[in-house]
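Below is one structure. I have some questions about it.
The first chain written gets the first letter, and so on, giving A, B, C, D and E; residue counts start at 1 in each chain.
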């Protein structure tokens, strides 16, 4: 069961970079997270496992929204490959996998499983509350900083006036022909059906 | 174990049911055109869709992270007593500052 | 066995009617579709019967054909020329029963050719080229452009909506450019069909707005002259939408709900719609009485 | 045995994530690679906690921290993308490189 | 026992869906839809189009599996029942989004994004009221939450919980004031391009989700299977049916405002209300 779920997680993870549609890519990543969550449930971490599904469903929804917002050809209507330094990346990926696998297979893994019937959720709760308020305060402040930072960066009214003041279009040297057809140069604009004149 | 099997089972059941009930879709070209009350579109509807409350969605994923802390907190709330209430009150107060800031910046409107 | 039961149930179901409303017939059709045996379909995909009310001008026949073909098979078109509600309701139920009894229904009116020839073009035969070029699967892709609200230049989607769109007044063809769900540009391609003064009746005007607010049952009740049974009706309409002569959309709705006729000066549609989100724009249009809207659209069209 | 399978899957996810993060031109896709690597890390943490740490609650805390890192990374990453796009109307990593000039 | 519980979930889902269809007066129109052609749009995302209704249905079934049918007896007896339900809610947003995305048509697309804007933040009040219900139970399991209501139901102990959760129920079942996905101003939004059996299946999934979320609400706030004389499942069914009727009634009678106003209301009114509910629940539980 765990092996099958692990295989599914890896396969969907691989699909993320192999599908044309950005929506499919985001939700393939979500499926990868979901199967990791299911493995967590099977490995006697019910809370962490299910919460992974919960958090990642939400995050991948937002991910899909932003992917579609900022990627050209978001639905993959024209099949495309947008990669650079391809060989290097493959080499790095394979190297990382081989290295980590070797470390896993060669090093002795201590076996000390979670005791049967222990209430792991309550343990986590006590750990979070802990002797001091450290965890909650740190998390609260970090998340607050994230929220404020995200709002400042993404909203138009920055601290120094409108954020797009003085902006200019990019140089289109890097991505080949990314801007594609200019809005006004024909194709499909000839189908106006006037009525009622 | 049972939970995972049940969930997989329901998913498989629903997919099989959907396959069995829905015939293959088929259309002629005029039938396939998107419905616009008789109007015609110039282009594909799939686009870099301008999702207006994008700042809200970013605030949301940061705020939603707090749920991860709240579930275990709820389990030990009664046994930890007033201290748990105080910690969570503090935590939510800190995060509420973020929401108030976002509200002041108008991120809950269509930008 | 199961199939025969299904067909029997289908014949007893309220007839799903999509109405293409012609000049002068708006009020009659709106009253007709509140009858118990009829179901007002909000999209042709949900309908079996296309009701064509009145004489359509020849300029909207293309649109009618497109609409007709979008109904799923089996389908029937009924023309309603006289004002006899009983007769047409009877014809609709008879037609539905005929469809359930296995009548073949109508074929497409338009030829089975895509908007653009695309098969076999491009590296994968999908009709496109490069990243965003060509016409993949028959249509070009949207391109980026100016935005009216936050200045983030994302794709603009240009389309014509109408003349038979369920949320627009009959006859109105709007060419809109959307960015997301916000209207960046709007122009009137065809003004709404002329309607008699009856279309301005408070009950009908209120019902149009109630439908946009998701209150179909309440809208039917208001048209039948019964008291409204719904909560937070005027409060749901935002303040300040389409403010003309010191009344905004919310004021006009509450006047209509109190059975008062509303007269407004025709506004400038091209200035009113851009910048509003789609559902706000639909509320704006529905909050104008048809007579004012027709005059406004004609003025915009002429300009 | 279970732990080995889980850790190998985690290594594979990290490898794929690294490939994605290095090879993708688009900033958004690069974030997906990062997320995938964090996914592998999460799997490894959960596996290790379950099989080798005897249920130490710190292991679960670690998993929560990994998820918090993901959330923070996503929020800030996308906010940056919005800011850069607003300035330059660009979403390529290489175009961002030219911002320095 | 497990087989019996599977049957119970299936029967509840089926019976509840039929009941919901009757409440909506949608039973005959749904049957009629099955006799019509299923139309396909231009260049759709076929996989997601076919799967989205199935997932919606599956999420309803999974949500219902967490519900105890008798004290101590649920198909998924998990220590984190309400988190499983929370994941179902999060995945409903994904499913509705996919349903609107897949036809490659403008109105479904607008509906999909609108729903994403409303469906994500609506989960926050939902989670807060469920966590508030978990406080007196000292557990995230729905079975324990039922046990904690032996003396007094949560609907009395936490007066803000049920009203807030009904708003969530309206959003999760795309109904009335919270129906931002399938609204009238976008010609029924995400299902605007669907006909025949596909449209029927989507509507059935919506109704099934209504059963599921009403059963969750009945369990968390009305004591679920607890009650005198009658056996547990019967009490659960009665309470679920009552909440379904209430949700349908509200859905038909409350107006829907524009999405940006609703978004502000969610963050500025409903979320603080759910904070308040949590504080009330916390003080009561101590």
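Quick note on the criterion: a residue touches a chain if its C-beta (ideal position, glycine included) is under 8 Å from a C-beta of that chain, and two chains touch if they have at least 3 such contacts.
Keep in mind the model is a prediction, meaning the values are calculated, not measured.
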Contacts common to chain B and chain E (chain labels): A, C
By mean Cα position, the chain sitting nearest the middle: B
Label of the chain whose CA centroid is most distant from the centroid of chain C: D
Pair joined by the larger number of C-beta contacts - A-B, A-E: A-B
Intercentroid distance (Cα basis), chain C paired with chain B, Å: 30
For chain D paired with chain E, centre-to-centre distance based on mean C-alpha positions, whole Å: 32
Where chain A and chain C are represented by their mean Cα positions, the distance between them in whole Å: 39
Sites on chain C at which at least two other chains make contact: 43, 45, 60, 62-63, 70, 72, 114-115, 136-141, 144, 150-152, 154, 157, 159-160, 163, 165-167, 173, 180-181, 277
Of all residues in chain D, the ones touching two or more other chains: 64, 67-68, 71-72, 74-75, 78-79, 82, 85-86, 89
Sites on chain E at which at least two other chains make contact: 34, 37-39, 42-43, 78, 80, 83-84, 86, 101, 104, 106-107, 113, 116, 120, 123, 140, 187, 192-193, 196, 259-260
All pairs of touching chains, each written as two labels joined by a dash: A-B, A-C, A-D, A-E, B-C, B-D, B-E, C-D, C-E
Residues of chain D touching chain C in the complex: 82, 85-86, 89
Complex interface listing, chain E residues touching chain C: 27-29, 31-39, 42-43, 106-107, 110, 113-114, 176-177, 179, 183-188, 191-196, 199, 252-261
Touch list for chain C against partner chain A, complex: 57, 59-60, 62-63, 115-116, 122-124, 126, 128-137, 139-141, 143-145, 150-152, 154, 156, 160, 163, 171, 173, 175, 189-191, 193, 301
Residues of chain D that touch chain A when the two form their complex: 2-20, 22-29, 31-33, 35-36, 39, 42-43, 46-47, 49-55, 57-58, 60-61, 63-64, 67-68, 70-72, 74-76, 78-83, 85-92, 94-95, 98
Partner chain E, residues of chain B touching it in the complex: 2-3, 6-7, 10-11, 13-15, 17-19, 21-27, 31-37, 41, 44-46, 49, 51-53, 56-57, 60, 63-64, 67, 70-71, 74-79, 81-82, 85, 88-89, 92, 96, 99, 102-103, 108-110
